[in-house]
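Look for chain A in each of the two complexes below; its partner is chain B in the first and chain C in the second.
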Partner chain A sequence: MLQSIIPLAVDALANAALIFFVAVGLTLVFSVLRILNVAHGSFYSIGAYVAASVGLWIVGAGLPDWLTFPALLLSAAFVAALFGPIVEKTLVSWTYGKSEAVQVLVTFGLFLILEDLQRIVFGIQSVYQDTPMTMLGISEIGGIVYLNYQLLLIGLAGVVLVALRLFITRSRTGRLLAAVVADREVSEALGIDTQRMFMIAFTLGVFLAAIGGAMATPTTGVAPGLGADTMVLAFAVAAIGGLGQVEGAAIASIIVATAKVLAIYFAPSLDAVAPYLVMLAVLLVKPYGLFGSGSTRKI
Partner chain B sequence: MAHRTSIKTLLAATALVTSASVAVAQDKPASLDVGVFTFMSGPAAAYGMPGRQGAEVVIDMINAAGGIDGVPISATFVDEGQGAEGVISEYRRLAEEPETDFMIAALSSGNCLALAPIADQMEMPTVGWNCDSHQLFADAEHPYFFRPNGNTIAEFMAYVIYFLDNNPDVERVAIINPDYSFGHDAAEIVKASLAAFKPEVEIVAELFPKLGSSTYQTEVSRLSAARPDVIFSNLWGGDLENFVRQAAPRGLFRQSQAVFALGESSMNNVDMPEGVIVGVLGDGWWRSPDAAELGAPEFAEAYQTKFEKAPVFPAMKMANAFMVMKAGYEKAIEANGGAWPTDEQLTAAMEGMTIDTLTGSMTFRADNDGIVDQVVGMVGSVEGIEGPVLTNMVRYDGDAVLPPEGEDPMAWIASLTPDFIAAMPKPGSYE
Partner chain C sequence: MNRTLTLSGVALIILALAPQIFPFLQFTLTIAIAKGFAALGVALLLRAGLISLGHAMYYAIGAYAAAFMAQKLGITDFAVIMIAATVISAFFGLVFGLFLVRYRAIFFAMLNLAVSMVIYSLASKLYGITGGTDGLRVAVPTIFGMELSKDAFDGVLYYVSIVLVVALGYLIHRYLKSPLGNALSAVHSNEVRLEYLGVSAWSSLLTAYTISAALAGVGGAIAALSIGHVLPEYAFWTESGHLVLTAVLGGIAGIAGPFLGSVFLELIHTIAVGFAAEAWNMIVGVALLVVIFFLPRGLFGLFERLSGQKATDGEPKL
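Right, the complex of A and B next:
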């Protein structure tokens, strides 16, 4: 019995890790800026493209292979630094205080622009760089061979979750973000630079999306359309966990991934719809998600 | 009064004769404008772009040789990545333009199923360059739509014959196909063929991941746990490449014999292990003995010069579609006494036509479905050739693996027995 449950658990956690990076960034941006950023998935795919391109350059230039590991992180940081402040200060800040429909339309417009930008810059052919995966090798768990890189992703997702919680509760900037989330008007009255907080939160969200994309590249070719697929799944996770809930995003990622894995193992025809069936079931019972609330918000 | 009536009659007769003479002496166009539909974006572009590149090369070759009866070909490319609605509206828009003469559409079977009735409605001669769903001509006649391919029955049954010959002890088979009609049809054909040829085979897993999926790790775990002797898949393009990238390092292809129906199109992009069974959905392996005699090496050389890589079978299928169009025009021109043909004369000439393409012989049946041979082999290497090639090949006669016209294809498969396989050529017989 345990022999058959362990592979299910490993698969579910490995799937959840990849989804979590994107979903937690989405939910973080929503909790602080109160904007559902439809373009969030584009930062995932841009992070993937940049990481794959940098990795290919490192290998092509004959540099040590281990450099491809920090390159994943630095690529995500580069994407966040390049897009985060500019996009927030221009397009996104323009939508503050406007209706949700306007916010969705503006970020959807941004999504379309970024998708075309990727086609222009990176072309339409799949880009792939697998050095980090091949360097780490394989392990056998429960009679099934796994990539050690998959196990690394699970660990990294846990590190990101803990780091985010520590950042929010222990760091000054994190506590200021939490204050803005709790009550924006009171925060402004107390002298907190909310505009700066918005920029920090948005850039952090971009970074989380980009690191998700970057970490996916060693096992997946990057091609146009990757961002849209990821985004839809992230929406489901955010809805199940409750928009604005960091831990909610983590648990929802595991729930969605488990639903998908169970479908693949036992009801393959439900594979594609399993995450959304779970979302439907959760929202019927808890309309604000498992950890969300209609009246109070927390980060 | 009688005189006036006779003049009217004369004028009417003159008009009739004039219009009739227009019908049989269509003006030769300055260029032959062709709409070409393929995937140029999204994961499917990994399959669709070689098709476009094949079109560019074969157009250059035909035009360099004087075009078709002196008329150069000019192509307008349409991206199928925009979705079915966009493809249909683009087809209609192009077909309504008076300068459009011919369509080569499309890659996706779904798009072909949608476009075939429109081709008939708009009386636009069209060749489906890749679409191979056996449903295309199953319940409808399409006088303006031609498909110079084998259909899915012939294509996937050929793989079952091959792996049953190659792996005679097979007991457990798993299937992983994309979640749309192409994938589900293939699964049904494989299961029906196994039921006919080796009914004791058990299907231990049947997975249909979403088209365009980027991660297959759970599917790999599921397949590993099922311990199949053979894994059949008609994943293609970026999907196939991602599956191979994720499954190969996890040892799946050491555990099970993999069969990738569209594998040849990806074996230059991804590190596909030697021994994997792959094919070309038809006869479009440009290095095959038949292709070597038919101009494929010259096409491949031009392709290599232009794109710095060898062509894969989507490029050959596209090139062959242009060869079919060219042969159709030439036959129609000859039948028309050297005059440029009307669309009706062109389609009439193409009916039942037999031609040599760049990779083999193709004959249109009465239903406009093409009969082509099926080439299947294994990924391997040959000294002196850079990159992977097909080895241990077999070439199945197109007629032998295609259900008779008008017969229910699944009923036909069910009527076959293991003796059918015994009469087939064996892997390694075509080198």
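Right, the complex of A and C next:
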């Protein structure tokens, strides 16, 4: 029994880890900026493309293979630095205080532009670079074989979750962010530079999406359309956990990944439907997600 | 108002004559009208301040209903297919709307998205019913028992679509002028006051939601019959995004706006495929941003401004 459950659990958790990076970025941006960024998935796929290209270059140039690991992180940081501040300052900041329809449309416009930008820059063929995964190899515990890279993913997701929580509760910037989330007007009155906080939160969100994409390349590779697919999955996870809930996103990504893995094992034809069915079921009972709060209507 | 009516009349005549002069435009314009219907449905909800990121599902339901009847049930009559596809979409709209219209703002958008992705995944996985990712083929329907060639049928479909634009456009116009239709803008501007007046926001929105699903279904059925093939991609969330985009690009203030936006987009698409197929989405994305930043009333607003009309008070805005 255990023999069959443990691989399932590792599979589910590794999947959950990848979804978690994107979803937590989405949820973080929503809680601080109160904007649902429809282009968030594109930063995931851009992160994936950049990481794969850098990895291929490292291997091609004959540099040591272990360099591909820092390259994953650096690619994500590069994407965040390149897109975060400029996108927030130009497009996103323009929509503050506008209706949700305008915010969704502006970020949808950005999504369309970024999708084609990727096609033009990286081409339409899929890119695959699995040096980090093959380098780590496999380990065998109790007769069950694991990919070490999957274990690394799970570990990294845990580290990111704890680091985010510590950042928000312990660091000065994090506490300022929390203040802006709690009450924007009062924080502004107290002298907090909210514009700067918005930029920091958005850039951090882009970084989290990009690192999700970068970490995913060794296992799945990257192809056109990845951004759009990831976007809806991140929506589903963020909505299940409750928009704005960091721990909620973690638990929701485990739920979604488990549903997906179970579907793959027991009802393969339903694997793509599983995350959305879970989302519908949760939202029908708790419209603001498992850990969210808010009111459905104005009355 | 009369001027708008005249302009709409001129636009319709141009629409009716265009394929006679440029036959290759007929297919493009048929699809533009089909998507225009769906965008009009989205525009109805936008009046109430509700943005649906899932309306492509009703377009897909209309298309699949048409294909399913023609292929699996052996119903070949054009009129029956069109009416049944519309009724089926409206039915789905009513059922999903029962719980969806309770939500506002981003939650409405996301729940619509979730439902549409369930429909999308089911359409691509239930191979026996929907043909899976291959989709379904749609045979050329008969018109009151007459069998037509594909070319002849496409001509009929095109002019029937234009007649439907006028007929349904007029009905929607009347609906929006009625208290029930006015309640939509009231939901947007002050829902609490609307409820204090004794009007149920829930039932006003449910009516609008069902009508919008029916409109999207009409569009889907036209598209299915014109293309002759339906695919799960019709229901993908980016398609829903495109429908919202089309509505906003054209302008949500009048009936003509979404159709204007749709025809404009399809024409640009046809031109762009030739030399900038790679950058098509980018062109649309930039156009969308330009319209949102500089033309809050859409192309329709620009059109009116050029013809010397001013925005009226109380006109629906985003």
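Operating definition for what follows: the second predicted complex is superposed on the first by the 289 of 299 C-alpha atoms of A that agree within 3 Å, B and C clash if a C-alpha of one lies under 4 Å from a C-alpha of the other, contacts with A are read in each partner's own complex, and residues count from 1 in each chain.
The rule is short, and it goes like this: contacts are C-beta pairs under 8 Å (C-beta built on N, C-alpha and C of every residue); 3 or more make two chains touch, one makes a residue touch a chain.
As the structure is a prediction and not an experimental result, all values here were calculated from the model.
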Partner chain in contact with A:V181 - chain B first, chain C second, else both or neither: neither
First (chain B), second (chain C), both or neither touched by A:L161: neither
Touched partner set for A:I120, first chain B, second chain C, both or neither: second
First, second, both or neither for A:I255, with chain B first and chain C second: neither
Touched partner set for A:V22, first chain B, second chain C, both or neither: neither
First, second, both or neither for A:A223, with chain B first and chain C second: first
First, second, both or neither for A:L13, with chain B first and chain C second: neither
Which superposed partner A:S269 touches (first chain B, second chain C, both, neither): both
Touched partner set for A:V145, first chain B, second chain C, both or neither: first
Chain B/chain C common contact set on chain A: 119, 269, 272
Residues on chain B engaged by chain A in the complex (per definition of touch): 40-43, 45-46, 49, 179, 205-210, 212-215, 217-219, 221-222, 224-225, 238, 241-242, 245-246, 249-252, 269
Chain C to chain A touching residues, read off their complex: 46, 49, 51, 53, 99, 102-107, 109-111, 113-115, 117-118, 121-122, 124-127, 191-192, 195, 201, 236-238, 241, 244-245, 248, 278-282, 284-286, 288-289, 292-293, 318
Complex contact set, residues of chain A against chain C: 36, 38, 91, 94, 98-102, 104-106, 108-113, 115-117, 119-120, 228, 231-232, 235-236, 239, 243, 269-270, 272-273, 276-277, 279-280, 283-284, 287-288, 294, 296-299
Interface residues, chain A side, partner chain B - complex: 4, 7, 10-11, 14-15, 18, 119, 124-126, 128, 130, 133-134, 138, 143-147, 150, 216, 219-221, 223-226, 229-230, 260-261, 264-265, 268-269, 271-272
